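Each chain carries a letter (A, B, C and D) given by its place in the written order, and its residues are counted from 1.
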Amino acid sequence: MIFDLIATSAKLLVFLGVFLGAITPLMVWVERRFSALIQDRPGPNRLGPLGLLQPVADVLKFMFKEDVTPTSADRFLYLLAPVLAVLPALTTFVFIPFGPTVEVAGRQVALVVSGADAGVLLLLAIASLGVYSLVLAGYASNNKYTLLGGIRASAQLISYELAMTLAVVAVLLPVGSFHLGDVVAYQQAHAWNVLLQPLGFFLFLIAMFAETNRLPFDLPEAESELVGGFHTEYSAMRFAAFFMSEYIAMTTLSALAATLYFGGWDLFGYTERIATALAGVVGAEWFWMGAVGMAVLTTKAMAFMLLFVWVRWTFPRFRYDQLMRLGWKVLLPLALANTVLVAILILSGVL
Amino acid sequence: MVPVTWYLLLAALLFTIGTAGALTRRNGITIFLSIELMLNSVNLTLVAYSRLLEDQTGQIVVFFVLAVAAAEAAVGLALFIAVYRHRRTIDLNRINLLRW
Amino acid sequence: MTQYLWLIPLLPFLGVVVNAVLGPRAPKGLTTAVGVGFPGLSLVVALGALWQYATQLHPAAVEQVIYTWVGGETSIRVAFLLDPLSAVMLFVVTFVGFWIHVYSVGYMGPEADHYSYQRYFVYLNLFMTSMLLLVLGNNFLVMFVGWEGVGLCSYLLIGYYYDQDVPAQAGRKAFIVNRIGDFAFLVGMFALFAKFGSLDYSAVFGAISDNPALVTGDYAFGLSFASFVTLCFFIGATGKSAQIPLYVWLPDAMAGPTPVSALIHAATMVTAGVYMVVRTNVLYQLAPGVSLLVAGVGAATALLAATIGIAQNDIKKVLAYSTVSQLGYMFLAAGLGAYSAAIFHLGTHAFFKALLFLGSGAVIHAMSGEQDMRSMGGLRKWMPVTAWTFGIAALSISGIPFFAGFFSKDEILAAAATQGHWVLWAVGLFTAGLTAFYMFRAVFMTFGGQFRGTEEQKHHLHEAPAVMTLPLVVLAVGAVGAGWVGISKVLTPGHDWNWIHHWLEPVIAQVGGEAAHGGEGAAEAAHHLSLGVEWSLIAVAIVTAVVGILVARSFYGAGRGLVAGEDVLAGRLGGFYRVLSHKYWVDEIYGKLVIKPLAALSRGFFKVVDGWIIDGFLHTAAFLAELGGDLGRFTTTGNARNYVLYFFVGIVILLGWIVF
Amino acid sequence: MLETAVFVVFALLAVGSALVVVLHRNPVYSTMSLVVTLVAIAALFVMLGAPFIASLQVLIYTGAIVVLFLFVVMLLNIGREEASQRGLPQKVAAGLGSLALLGFLAAAYLRLYGGAAQAPLSEDFVSMRTLALELFTDYLLTFELVGLLLLVAVIAATVLAGKPKDPPEPDGKRPEEVA
């Protein structure tokens, strides 16, 4: 009981530390530098080496800015929205494993925060709650741009959730379990799902962009049309909350993508070997297992982040109707076809 | 170990609240929400029973209830939109042409 | 071909369907082709089947089950039966029917607009179908279906000119009068079914022949079962075959087109009653009382109709009453147990009576619609074929030797005489004389002497087209030859050329010792009368006929200077003529005694039962409903929440009731 | 003990938010609190050994259906429902009826399962595998039918909410004047 509590909280801390403490700020930096690179300009390079401390400055800036609440806004909901934004973002990654089951002080410990039976399902479920923050923010601000942004957000997120969920289902079919750990194990045994289900991966990728309101799907916050979209009225930490939650969501989804399609923490079986090797030098095996696994996972996730940024600064924005048409008339049928295809392959013994 | 009866009672309470809302409110959406509430209390009852009888059939029924609820929500809301287009209101006291 | 038996009724029905589907827009030629072609095919099939059947050494009855109507051990099947009796009927119906179809093309062609032309053939084909069902059915139910079918067609065709009042009325009369008979028929059928649990001829008659006691026991109203059933059937027969008291519809039925009168009201349908009686002869043989009644009614009808016939001036009416009287003959025969004779006469009659009608049709055609013989005359000059064929038919019906009618009529009289029913014999004889008289009255009035019609009628006079004369000739041949299949033994000492008699023997098997008479019995008895007596009887019959003809000639013969619109007979008979020409006022009497009271009764029912009681209930109910609505509508506020509330309260109450 | 506490917490959460759903005049608040209720009930599902149903509840209900509600609320921009004394008898009858219903149900339950002791959760009962097996064998037809129903619903919704060929000119009247 107590041990489990400790273990769980430890794993939680690791995740929070890595994702919140390291990746998200890093991402902000990467986004700026990379975009600068693409646009052939230096980008932030003063603060710290290569401007690495820029995120810190940003955070400070957010902290000390004035926190404005529109008078006509619906105060309660206005305050609630950012919180709702952060919560799902922070909770979803607990289902993502960052290592195999290891032995700690004679106990078996799975290197995943939550071993819930319905793993991925719950992940998707909680992620789907993210939409409320946007909608509420849009509504509570009592501003036509924000409202439009909110409406767009709700429509968009629901539409692309379908494609995404179906893609995930297609992955889970051959695995036969909702545990992402089993998904990783399956890929260890066979091959990365990106090879087994390229179409599924493609769908998931697109849906991922849409779910995180990233270009080319950032219509809820299309500055050229809706000023700032749903968070037009927000400022200071509240805005930061939206800002962060977006990046956290990105990281989580990237990690999820890596886990579903790129073997997660596994590196063609080298993860364990490296870990044992290191354990041979110093420290406990379970520690290294976790560390290396996390490293591999984050590396893969980072790759996705770069993709995010790259795409953002490369592609133009969709028109709203195009977005809807793509979601309902292209992705959804494709996702269904993909699922059926996978099912057939399984029945025919190929997968 | 919480006795299942509590769940049942809770469900009954929620159902009652839902009914009261559906019967008293005038805003179509709110009434709809109350109905959803009733549906959920029923779900809770079903799951509680499946727990009590150690039979997963109850859960399966809930599964179907969810699907049906989705369909019902889609059609119902579409209806509200259609009504709103014509009457510029979804206040049930104002949508009362169905009478002698 | 016997295996194609089912095709025989089906083909005309196809004609019905095709013509009905093609509708009046189809070209006239096509309608004709279909309407005549299918009965033609049916005739071909029938002849084929008959040939194969007749040429067998020992013809075994062919039964063919189409499908099972009512399952179970008391099964009723739609099945066809080809045995000697139905064979004869089949031949008559298909053969005469076909030629009358041919004739119709010429007769209906000019006068009918295309719609009614097509309608006519649909009806006529439908009649063929029903009639064939009637004669071919192997059980009483199928027979009844045909029975009702022909009734319907008869109604439709009598009321063919439905836009005129008289035909419509006549049609209704025929239909309603027939209902009475049909009702009795039904009762008889139910009785049979109740007793034997089957309606198949084979089953019923088989059971009876095995154990006659089964039906001779007392059954109801002091009648034996056999008597009861046969009585019912006979009442049915009187309806269909126009016997006293239900003959009144047939004369009126002449309102239909003449070919219809020929086919339905002379040759085939009206003989259905006779067919039925003969078909059930097994029962009749066991019900001597009823048989005697049949004979009596037959004789009476024959006499009555003949007497009326002599005073009719409408050529078709004459033929109609002659038909009634001839049918009387058949029943007389059947009643006397000379079933083969009855069928024999039925066959010959079908030929010469159809021929007569068709001839009259040709005449009416030539006279452009005129039917009153008093304004005809001398038509022989213009339409020889018609005249000759008509004459042949007349000779045949009058019973002049070597013509068909002679042999069949002689059989009947012989049957009467041999059984010592001298009264019946006398009546038959007298009727024969009357027949000869009125037939030749018609012949002379129509074809002899000078033309008494108007000038422009005279101008129009013409021989009928070939399509009409051909059937006349064909039937004329039949009217002569049809008799030769049944030459009485008496005429050919030492030989027995009475083919029809032996042909029918299997159907008219002897039942029970108590039923002494029967076709066979008649022949047996004939030998008990000395040959001399036999010959003298025949001679007497011939003389009677000749006398009748001569009398007719003396009244209406050439150079008697007949005047249009007058009947010399009127002067001679005086008051009695009026009685006859008014048909003994039978219709009026019926009107007074039956129709008036019935109408009054129904009017009463309409007023009291329908108007007060039934409508009262209805109105009360309606009022209550309205009241409820008036009160209840206040609950429909139009506010959905209120409705839900009612619903909810109901649920709560129910729940409370369940829980506590 | 802990379980009881958890139950009480979620139960209170559910009831409280349900009351908000029914009582709050602003449909947005009602919708949001419905979300809370649904999540709380989902948690109760987990406690009852139905994790699958629980996640479905969150995924479908809160994730899709209620979002749809919110979407419509915003689309139609429905304001607060103004208080009115109309239909007071309706309110009274509804209240009494509801209370009666609650009473009946409570009585029935207590009478039936007052002292019913249930067995501890069995692994097999909780497992999704058995559930899925049952769902796709015994209830396959029902499953398919529900799918069909959803399809029909989608079509119906698009037809109903879709823009009419010639949009009826919204009469300038204010809702008060209509009807």
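Rule of thumb we're sticking to: a contact is a pair of C-beta atoms (placed from the backbone, for glycine too) under 8 Å apart; a residue touches a chain by one contact, two chains touch by 3 or more.
Fair warning: this is a prediction, and the values are worked out from it, not measured in the lab.
**Q** Any chance you could name the chains that touch chain A and chain D both?
**A** Touching chain A as well as chain D, we find no chain at all.
**Q** State the pair with the higher C-beta contact count; candidates are B-D and B-C.
**A** B-D
**Q** What is the distance in Å between the mean C-alpha positions of chain B and chain D?
**A** Taking the average C-alpha coordinate of chain B and of chain D, the gap between them is 5 Å.
**Q** So what's the Cα centroid distance for chain B and chain C, whole Å?
**A** Comparing mean C-alpha positions, chain C is 76 Å from chain B.
**Q** Express in whole angstrom the distance between the two chain centres, defined as the mean CA positions of chain A and chain C.
**A** Whole-Å distance between the two chain centres: 98.
**Q** Between chain A and chain B, what distance separates the C-alpha centroids? Give it in angstrom.
**A** Their C-alpha centroids are separated by 33 Å.
**Q** Listing for chain B: what residues touch at least two other chains?
**A** Residues 19, 23-24, 26, 93, 95-97.
**Q** What are the residue numbers in chain C that touch two or more other chains?
**A** Answer for chain C, listing residues that touch two or more other chains: 639, 641, 645, 648.
**Q** Could you pull out the residues of chain D that touch at least 2 other chains?
**A** Within chain D, residues 52, 56, 64, 68, 75, 87, 90, 93-94, 97, 101, 105 contact more than one other chain.
**Q** Every touching chain pair, please?
**A** A-D, B-C, B-D, C-D
**Q** Mind listing the chain C positions that touch chain D in their complex?
**A** Touch list, chain C to chain D: 639, 641-642, 645, 648-649, 651-652, 655-656, 659-660.
**Q** Touching residues of chain A toward chain D in the complex: what are they?
**A** On the chain A side, the touching residues are 74, 77, 80, 116-118, 121-122, 124-126, 128-129, 131-132, 135-136, 138-139, 147, 150-151, 154-155, 157-158, 161, 165, 178.
**Q** In the complex of these two chains, what residues of chain B are touching chain C?
**A** 19, 22-24, 26, 31, 92-93, 95-100
**Q** For the complex, which residues does chain B have touching chain D?
**A** 1-10, 12-21, 23-27, 29-30, 32-34, 36-37, 40, 43-44, 47-48, 50-52, 54, 56-57, 59-60, 62-64, 66-75, 77-82, 84-91, 93-97
**Q** How about chain D: which of its residues touch chain B in the complex?
**A** Touch residues, chain D against chain B: 3-4, 7, 11, 14-15, 18-19, 21-23, 27, 30-31, 34, 37-38, 41, 44-45, 47-50, 52-53, 56-57, 60-61, 64-66, 68-69, 72-73, 75-76, 78, 81, 84, 86-87, 90-91, 93-95, 97-99, 101-102, 105-106, 109-110, 113-114, 116-122, 125, 130-131, 134-135, 139, 142-143, 146-147, 149-150, 152-154, 156-161, 164, 167-168, 170-171, 173, 175, 178-179.
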